[in-house]
Amino acid sequence: MKVTVSRKAHFNAAHRLYRKDWNFEKNEDIFGKCNNPNFHGHNYELIASVTGDIDKETGYVIDMKVLKDIIKSEVEDAFDHKNLNLEVPEFTDLNPTAENIAVVIYNKMKSKLDSNLELEITLYETPRNFVSYSGR
Amino acid sequence: MKVTVSRKAHFNAAHRLYRKDWNFEKNEDIFGKCNNPNFHGHNYELIASVTGDIDKETGYVIDMKVLKDIIKSEVEDAFDHKNLNLEVPEFTDLNPTAENIAVVIYNKMKSKLDSNLELEITLYETPRNFVSYSGR
Amino acid sequence: MKVTVSRKAHFNAAHRLYRKDWNFEKNEDIFGKCNNPNFHGHNYELIASVTGDIDKETGYVIDMKVLKDIIKSEVEDAFDHKNLNLEVPEFTDLNPTAENIAVVIYNKMKSKLDSNLELEITLYETPRNFVSYSGR
Amino acid sequence: MKVTVSRKAHFNAAHRLYRKDWNFEKNEDIFGKCNNPNFHGHNYELIASVTGDIDKETGYVIDMKVLKDIIKSEVEDAFDHKNLNLEVPEFTDLNPTAENIAVVIYNKMKSKLDSNLELEITLYETPRNFVSYSGR
Amino acid sequence: MKVTVSRKAHFNAAHRLYRKDWNFEKNEDIFGKCNNPNFHGHNYELIASVTGDIDKETGYVIDMKVLKDIIKSEVEDAFDHKNLNLEVPEFTDLNPTAENIAVVIYNKMKSKLDSNLELEITLYETPRNFVSYSGR
Amino acid sequence: MKVTVSRKAHFNAAHRLYRKDWNFEKNEDIFGKCNNPNFHGHNYELIASVTGDIDKETGYVIDMKVLKDIIKSEVEDAFDHKNLNLEVPEFTDLNPTAENIAVVIYNKMKSKLDSNLELEITLYETPRNFVSYSGR
């Protein structure tokens, strides 16, 4: 019996969408207001969903406290109140679009979970725009 | 790396659920209050979800502005503040249930997207009732 | 000790904003898309808030079941799945703007409550637009 | 054309997470505050999602009133305002974790649906923690 | 310049509505399903709103961390995962209706705030029912 | 008959909380993570609430399109995708706390409204923290 267990969390951060190897005009053309060199920011809402078998002893797929701690160490401590471009190493050479942030979070969290557990990351950049990634 | 990018939108409209080839009693029996000949209405909340590979140059699956424009031209301009039965051609002979509206939106939007992108439509008819369709 | 007790409810309805004593052009100019002669519609979300003293015996300001029943008889049964212009007598000669609907709901519900209870009506016409009225 | 139709519902209940065959210390170690022998409780928010073909006559996958009635008889009447451990037979020997509650709801509802309809249960234990199960 | 600063928090708990000095039938008549002797429970959502002048030096009415700590010590540590009737002293002889819980929270938190700050407590017992109290 | 009409809007921005006339240590002590010199950011959710008499001709307190346009020119065009400290003149010498942002928005919008209309600004800095200001 495969059950998916999900937990919501959030962090807020500044970012800028641009490529260092493009000039300002091309970045402005592709990324528009998101290319503001002084940065803008978001409240990112995260849903981490873990799928696996129910443990017959505990009735848990994963102890929610364990999942909460992995989110805290891998996401909140790493990203919250940060400038993603300047202070988070994964984005030194990677454009911090919602898509790329979701993939980075997936890779960081997946490595901390039992290998028989599947993971899906859903990330809201604004209340109206969100992305999801499950390693496929 | 397949990522799903979703955007929320909304429109409001009047509609009536009934079949022209049934008499009033049969429509009343099947569709109840939704068969009101004077119409009733809803705030429809839409989530359009597009799945595809991340473009390595931009970090986008699809530019959110492109997705927003397709939603505007195919859904908002066509349905918002309209009477679905009387003013939207797709429903001249098709009962505007939430299921059928979702399929119509899917077909209209899918034809505007690159063929290598998948689409899923989620449509809230009320805060408690919603449907989803992904072309399968 | 004055406490306010609130209950959420909802109904959906069709309506048209216009004045019978104006011509179509003037109605179109003032009410825009809301003047569609074929009607449009909304999911109206209602919050009814009743303020009064806590009853020392029960610990209630008002029994929520009583409030729920008043909302049902005065609002849901009267407005749900209706065409406000054609089927709700209060709007025969009153434009069913959110403001006017809130006042009508206030007057209907206030008359069913103990006179020492205050009432405030909050009405969402869409998730982004709402009005409130408390009889002042 | 497979469409998924979803309806939200809710119930509130008391519960305690523990195993009768473990001593208090082991239960405390594994289940923490959730092992409170005096119980605690939740507002459980349920989303029941039914997938099937659109009926060409009605335009429905399932009449929402039918789905609402199944939720009422199988979930709300059985669980609402109850102590899950003491008053719901399915949990006499089954730990009422969110995972196990979702499986129990799935089994109860699935048996009432046409066999060609698929079912997925999503259950929020708190606004931040939720699980889903679809019989796989 | 008076500004109101609000913070949301939550706790979950079991409770039973009844009076010890009434017999079971009278309690059942007045409190219905809420009189279940085995208890039921809720996710209580709290909004604590503090009104005062903006401090010209910091630009704060109150440091959100201070407000968060008061909510934690006075509400979360005292009520979360508890049986309100059996484990929270304030309800030994006080019926734990939403109204009375809001007043208890108000009194506990008010005593920890500077006397020149006003407080309003809003407490959701379910997503559809909530109460508010501001000491008047 | 005084009715309050509210409209939601949003913008996202980067900011830093600090005073130029304090050294880094004092700013760090008072503003903690919010003093990050590389900035962080938020999705700010705005509710602008306008109170006045219902116009007997139109049934409106204020035309929602007028309110929407004032929000766009005074708030969205001025703040969205901006760095509040570096790019919004009002915050050159004013710490952009939620409290101060609400007061600035109030002052900008109030000057564009008829003088007989009252205004209240509610501003969510995160889904859990918000402030409100009504000129008193």
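We just call them A, B, C, D, E and F in the order they show up, numbering each chain from 1.
The rule we apply is simple: a residue touches a chain if its C-beta (ideal position, glycine included) is under 8 Å from a C-beta of that chain, and two chains touch if they have at least 3 such contacts.
Quantities reported herein were computed from a predicted structural model and do not represent experimental measurements.
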Touching both chain A and chain D (chains): B
Both-way neighbours, i.e. chains that touch chain F and touch chain C: E
Graph distance between chain B and chain F, where chains that touch are linked: 2
Between the pairs B-C and C-E, the one where more C-beta pairs touch: B-C
Chain at maximum distance from chain B, centres defined as averaged CA atoms: E
Taking each chain's C-alpha mean as its centre, the one farthest from chain F: D
Superposition of chain B upon chain D: rotation angle, C-alpha, nearest 5 degrees: 120
Type of chain E:chain F copy interface by residue overlap (half), same or different: different
CA centroid of chain A to CA centroid of chain F, Å: 28
Centroid distance [mean C-alpha coordinates] between chain E and chain B, Å: 42
CA centroid of chain A to CA centroid of chain E, Å: 34
Residue numbers of chain F (touch at least two other chains): 127
Pairs of chains in contact (touch as defined earlier), listed by label: A-B, A-D, A-F, B-C, B-D, C-E, C-F, D-E, E-F
Interface residues, chain D side, partner chain B - complex: 1-9, 54, 57-61, 63-65
Parts of chain E lying in touch with chain C, wherever the complex brings them together: 17, 19, 30-32, 94-100, 102-103, 127-133, 136
In the complex, chain D residues that touch chain E: 10, 12-15, 33-34, 36, 38-43, 45, 80-83, 86-87, 126-127
